[in-house]
Amino acid sequence: MKRVLLTGAAGTLGTAMRKALAGWADELLLSDLIPVDDVNAGESFVACDLGDLDSVIELVRGCDGIIHLGGQSVEGTFDSILNGNLKGTYHIYEAARQMGVKRVFFASSNHVVGFHSREERLDAKSPMRPDSLYGVSKGFGELMAQYYFDKFGVESALVRIGSCLPKPIDRRMLSTWLSEGDMADLIKKVFMVNRLGCTVIYGASNNPWSWWDNRHANFVGWQPKESSATFEQEVLANDPLLDDDNPLLLFQGGVFATAGHFEDK
Amino acid sequence: MKRVLLTGAAGTLGTAMRKALAGWADELLLSDLIPVDDVNAGESFVACDLGDLDSVIELVRGCDGIIHLGGQSVEGTFDSILNGNLKGTYHIYEAARQMGVKRVFFASSNHVVGFHSREERLDAKSPMRPDSLYGVSKGFGELMAQYYFDKFGVESALVRIGSCLPKPIDRRMLSTWLSEGDMADLIKKVFMVNRLGCTVIYGASNNPWSWWDNRHANFVGWQPKESSATFEQEVLANDPLLDDDNPLLLFQGGVFATAGHFEDK
Amino acid sequence: MKRVLLTGAAGTLGTAMRKALAGWADELLLSDLIPVDDVNAGESFVACDLGDLDSVIELVRGCDGIIHLGGQSVEGTFDSILNGNLKGTYHIYEAARQMGVKRVFFASSNHVVGFHSREERLDAKSPMRPDSLYGVSKGFGELMAQYYFDKFGVESALVRIGSCLPKPIDRRMLSTWLSEGDMADLIKKVFMVNRLGCTVIYGASNNPWSWWDNRHANFVGWQPKESSATFEQEVLANDPLLDDDNPLLLFQGGVFATAGHFEDK
Amino acid sequence: MKRVLLTGAAGTLGTAMRKALAGWADELLLSDLIPVDDVNAGESFVACDLGDLDSVIELVRGCDGIIHLGGQSVEGTFDSILNGNLKGTYHIYEAARQMGVKRVFFASSNHVVGFHSREERLDAKSPMRPDSLYGVSKGFGELMAQYYFDKFGVESALVRIGSCLPKPIDRRMLSTWLSEGDMADLIKKVFMVNRLGCTVIYGASNNPWSWWDNRHANFVGWQPKESSATFEQEVLANDPLLDDDNPLLLFQGGVFATAGHFEDK
Amino acid sequence: MKRVLLTGAAGTLGTAMRKALAGWADELLLSDLIPVDDVNAGESFVACDLGDLDSVIELVRGCDGIIHLGGQSVEGTFDSILNGNLKGTYHIYEAARQMGVKRVFFASSNHVVGFHSREERLDAKSPMRPDSLYGVSKGFGELMAQYYFDKFGVESALVRIGSCLPKPIDRRMLSTWLSEGDMADLIKKVFMVNRLGCTVIYGASNNPWSWWDNRHANFVGWQPKESSATFEQEVLANDPLLDDDNPLLLFQGGVFATAGHFEDK
Amino acid sequence: MKRVLLTGAAGTLGTAMRKALAGWADELLLSDLIPVDDVNAGESFVACDLGDLDSVIELVRGCDGIIHLGGQSVEGTFDSILNGNLKGTYHIYEAARQMGVKRVFFASSNHVVGFHSREERLDAKSPMRPDSLYGVSKGFGELMAQYYFDKFGVESALVRIGSCLPKPIDRRMLSTWLSEGDMADLIKKVFMVNRLGCTVIYGASNNPWSWWDNRHANFVGWQPKESSATFEQEVLANDPLLDDDNPLLLFQGGVFATAGHFEDK
């Protein structure tokens, strides 16, 4: 890869990926609303509001690929989601089309399917059941990606990220944890495979308790190497077992599915 | 039904439904950006911009049900779609939640699945493949409806309307035609059934060439009575057969799927 | 048919079928715990406790086919179900095997699948989810029938009867009603078809609101002729609409699914 | 249609279709190994051995469409099948490609799926299980058609014909009968639909006992009008019921599935 | 776990599990009809006839969980199965409900699906096809468990145990073997997972020849560690290859599927 | 195994398998049109034209099993395919039937499904979509095998071989590579398993990028040990990345799917 755009570069996930991807591309073009101070060799930074199409077009110009982590990444007001995730994702795809970028890694979320029960095994064909306005907006992003693929040939990985953290810190993450190393490997595979199409991939490490089946994305060649089992004892000791009928245990989305409407609070 | 809100009342479809539903509810509350002049007995009119949440809440107050036909109904600029369909549909559902309205008839569109090929048989579980920004926005509306059902219990019929016109006027409509009478029957069934859930229904009459299978919505009890076959000879005479490999014939969405980006024009 | 056994002949359903099947077989051998007084020409009666294997063997001797309506037909104590439905159904199949009877019409029940939601479309491959001890016992009967087919070649129609009454009398029966005439036709088809196998059939008339799909049993050639739609206005007038979130509306089994344990009462 | 080739024109099925299609096309070009004597207005005849590619190319030149009924139509020696059905079908498709014919009605056969049991409901996605060398050769024809569609865009209807006769004459045909009128309607629909693709269609009338589900071909718009039920009493009277475990009843192919190897006889 | 009931504690499987689970729970309450002599620290023993509801209620009082291995574990007379498996399983679940026990490990059996062919891949959604009265009774137990989950919230693992022995001793067990260690691990996982639901799990080790797919139970986190491949050479040497058409090879249930009715012997 | 026939013994694949299977059978009977010079101990050679039935019958006489690699193994003229693959495969199966050979390893090809897209995950139930006349002929062989199994009980492994070479040499082979060792293991498993049926197996090693899912053949017990990942760096360095919309990347068959008709060249 010559020049790859990384949006959301100042966020937690963006920061972790910068480190993990060091040296992978000739140039990693970082972008965020918030400045990134410690720009390294092989990186550059351009501040950009994803809500402004013209700025996004300028940002995307000359890139080979886009890793789109930017936008709102948790539940928020409809306005915050509208700007970051509805407008923002449209702008990324429209800019990709205009600038001829062929491939996008889109950070979708497990909250697109958060209202499925924990006893269900999901795959790429499972219906979307968002658990939050945030989840709805990520579903919108997946539909936008599908549209730009079907009509304009822009390829996407729609990565329904579980919990990307240094290690799992509660019982739910025994199922949903995605190690930073596995996520970085996935990014590399997504840009290496000959043909990507528009492909849903569940972003979880090789966890024994996983709810998700990636067989339809097997052709991408990603094989996560880490497992939440490594941290099982630690998690069990620190996170007490809830009662079986606690609503928090019913749905894959966890607290997202049980929380009421954001603006009621 | 006591009081039912009909959005988009000034549009073609809204106008046809006003006529077909005359006398069905105690009060049909009409709403649109554009005034409706000929308000009949049993009807009332309130102008409302769906892009303004407070206005929508006031509009919805005191209704038993909502027939949501409003918003942008063909391809348009992203801004027009953003206001009418993204904000607008969110506002309808958020108002329903706040005002305790239990059931919504949501006019979705076949353009939510317009990139499926014409040889495919679709049902409620087929993946969405929107053929336009308009189609993406209707898919967003379906996700919003699913979210409000799963979290807050607001029930919806997600009606993927084909071509609701007095009669089919081209070959594609032999598959997609929905008679106005069948649509009005569907509205009545949707508000009559004991339990609706959040249910996808393809809005087409009993056409021999239909691409869509409504078996998952059979419990609603809707059985369309009219058929495009009645108009077959007239349509065949007036609409010449295209060449087999004309792109217009490949996809269910027809010209929506083959048109480029709206703003390029 | 020469000689066909009808168990449960003194019950409501048995009585209706006696009338509807008059003249169909050379001899209709009626049986029940309770005597049948008005034995007609072409009928004979033998009292029998299905809980006693030797009596059942004698009953079955010389029959060409069995219509098994006997046993407990609503929720009851485990003991009543044990005797009538667990022992009783085993005895019918074991007697069929020993006496060389080739085909059984087994009156199973929709309560075998009563914990499916009303928005689900069921077919012969849907998993069993009984809503009562009665439903569990009918599921046991279906498994017993499958076993006797796979191992000994005794064929069965496993008829998951909805609500077999002269007419539908509440809103749920708009979905579940089975007219007596349609049921009698089904019995005839089951004994006419060349090869029956062990086949699940949902026993409902041609109702617009039906939850059940009989396509896997299409080969039997049964096409119900009556429809609950005939009685729609009458039912709607007499049975008030419940609130959407009334638990009675959630499950197909209706009150069977919401009632607690029988013996608690 | 201007000029349509009908192969196998001297056979029983070809003769029936000539009559049923009279006046449909400007010219119906008849062909067979055996001469057709009674060539009518609107028809012409050219003798042709389907086993000779050059002759087939000349035959196909200038046609708009092909109705391919020719070749071996019952079980036979491998050599007879090789010439008529393996070479013959290849030659028809290769000629269509070279001469630019866009659409073929291919008379496949239910014997392509004859080893499925009679209790199974088949659709276009059911695996092939041929019951004879003849059935294998028709499966080969379907694969050839799929290949010419995927690579060269030649569209086909793969019509798995049941029993096309003036009326059903045995119990099996209560399931498999295809009236001549329904078959002629199907031919017309196949050449009328805007886009055909490469589509499996089961060729049976609207029979209550049918084993086959044509929902994936619904877009073609064919709705058979006749039913074997019309002849039920006559068939039942003339064709005695076989014992349940007679091998003839096990498989859809009937005697084709139970007969041994043709050349052993 | 504080106090866990283990029924069938005097049987082979019960004895093996006592050893494998030593120290896992504060108290393992052993029960059987036959006394257990060697009660260890951390264990207690209460004799109980599962056919007596009151005794079972007393047994279950104060337990956190139930491992139900008791009852008839091979084919037998209907009476023996009636008492141990029909009444017995009902009593276990009814006692769990009354005493507030939330979770049951139910030892079901592969003989619930024993009439599927060996070339079929089964998962949790495969239909039951019992190969024996014993298999029917285990299917009854699964339905009872489903009923108690749907109505009363008692969770269950329905473990279709293959062949739980120290090592595989014939060719069939290359597919069905479950090591004692893997079974004990499964018990622990079943009681550890946050939410269990009512979940079918095939009880087999990580055998290359396995017929069963546990993906729907993946969320339980069980990953069997042993494999029948370890014993492949020994098994092949000691168990001669049968002829391909030997009925013993047709069905997964092996000799259970080919044996006639128990009481004929 | 006592005596096993290996057809196509002089070809590349045949030569590799001779080496890999040395010592496995008492006698490996080699056959080809072209002589094999270096016949080793435990091998014998008989020249045979597969297009001649009598010769094939003599060849097969006295064998326990057949490994059928012979015939045309790449695209060719229809005549070459007709002789080697259509006649040839028929002759192998007819000879097996006449000579009582119970089991055949049939070298089918991934080109039977070569027109599926690379983003699709295929399994044994995926429809055939051949990418060449060669692919059609292999599909014909699979149908012939199915027919001989259903009617005469001859069992087959239908092995859709990917790319069996010492190592993968282009990017496509990262998905399709089958190591020679894994193929030899598969042959051994096919002849070792108690019951084989007629089973589709995709012939690929344990490659991360594989398009194929062998779960339906799991019962055969084959677990490939090698992986294309071993050669990933070497392949990536030597085979440049094609443009995303290069037709060569669209279909699994690669150049077979994009090449025109063989005889046009």
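Chains: A, B, C, D, E and F, in written order; residue numbering restarts at 1 for each.
Just so it is clear, a residue touches a chain if its C-beta (ideal position, glycine included) is under 8 Å from a C-beta of that chain, and two chains touch if they have at least 3 such contacts.
Note that the structure is predicted; figures quoted are calculated from it, not measured.
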item: For chain A and chain F, chains touching each; value: E
item: Chain B-chain D separation of Cα centroids, rounded to whole Å; value: 41
item: Touching two or more other chains - residue numbers and ranges from chain F; value: none
item: Pairwise chain contacts under the document criterion; value: A-B, A-E, A-F, B-C, B-D, C-D, C-E, D-F, E-F
item: Touch list for chain B against partner chain D, complex; value: 117-119, 121, 171-172, 174-175, 208-211, 213, 236, 241-242, 244-245, 249-250
item: Residues on chain A engaged by chain B in the complex (per definition of touch); value: 78, 82, 86-87, 90, 94, 97, 115, 125, 127-133, 135-136, 139-140, 143-144, 146-147, 150-152, 257, 260-261
item: In the complex, chain A residues that touch chain F; value: 102-103, 153, 155, 192-197, 199, 215-216, 218-223
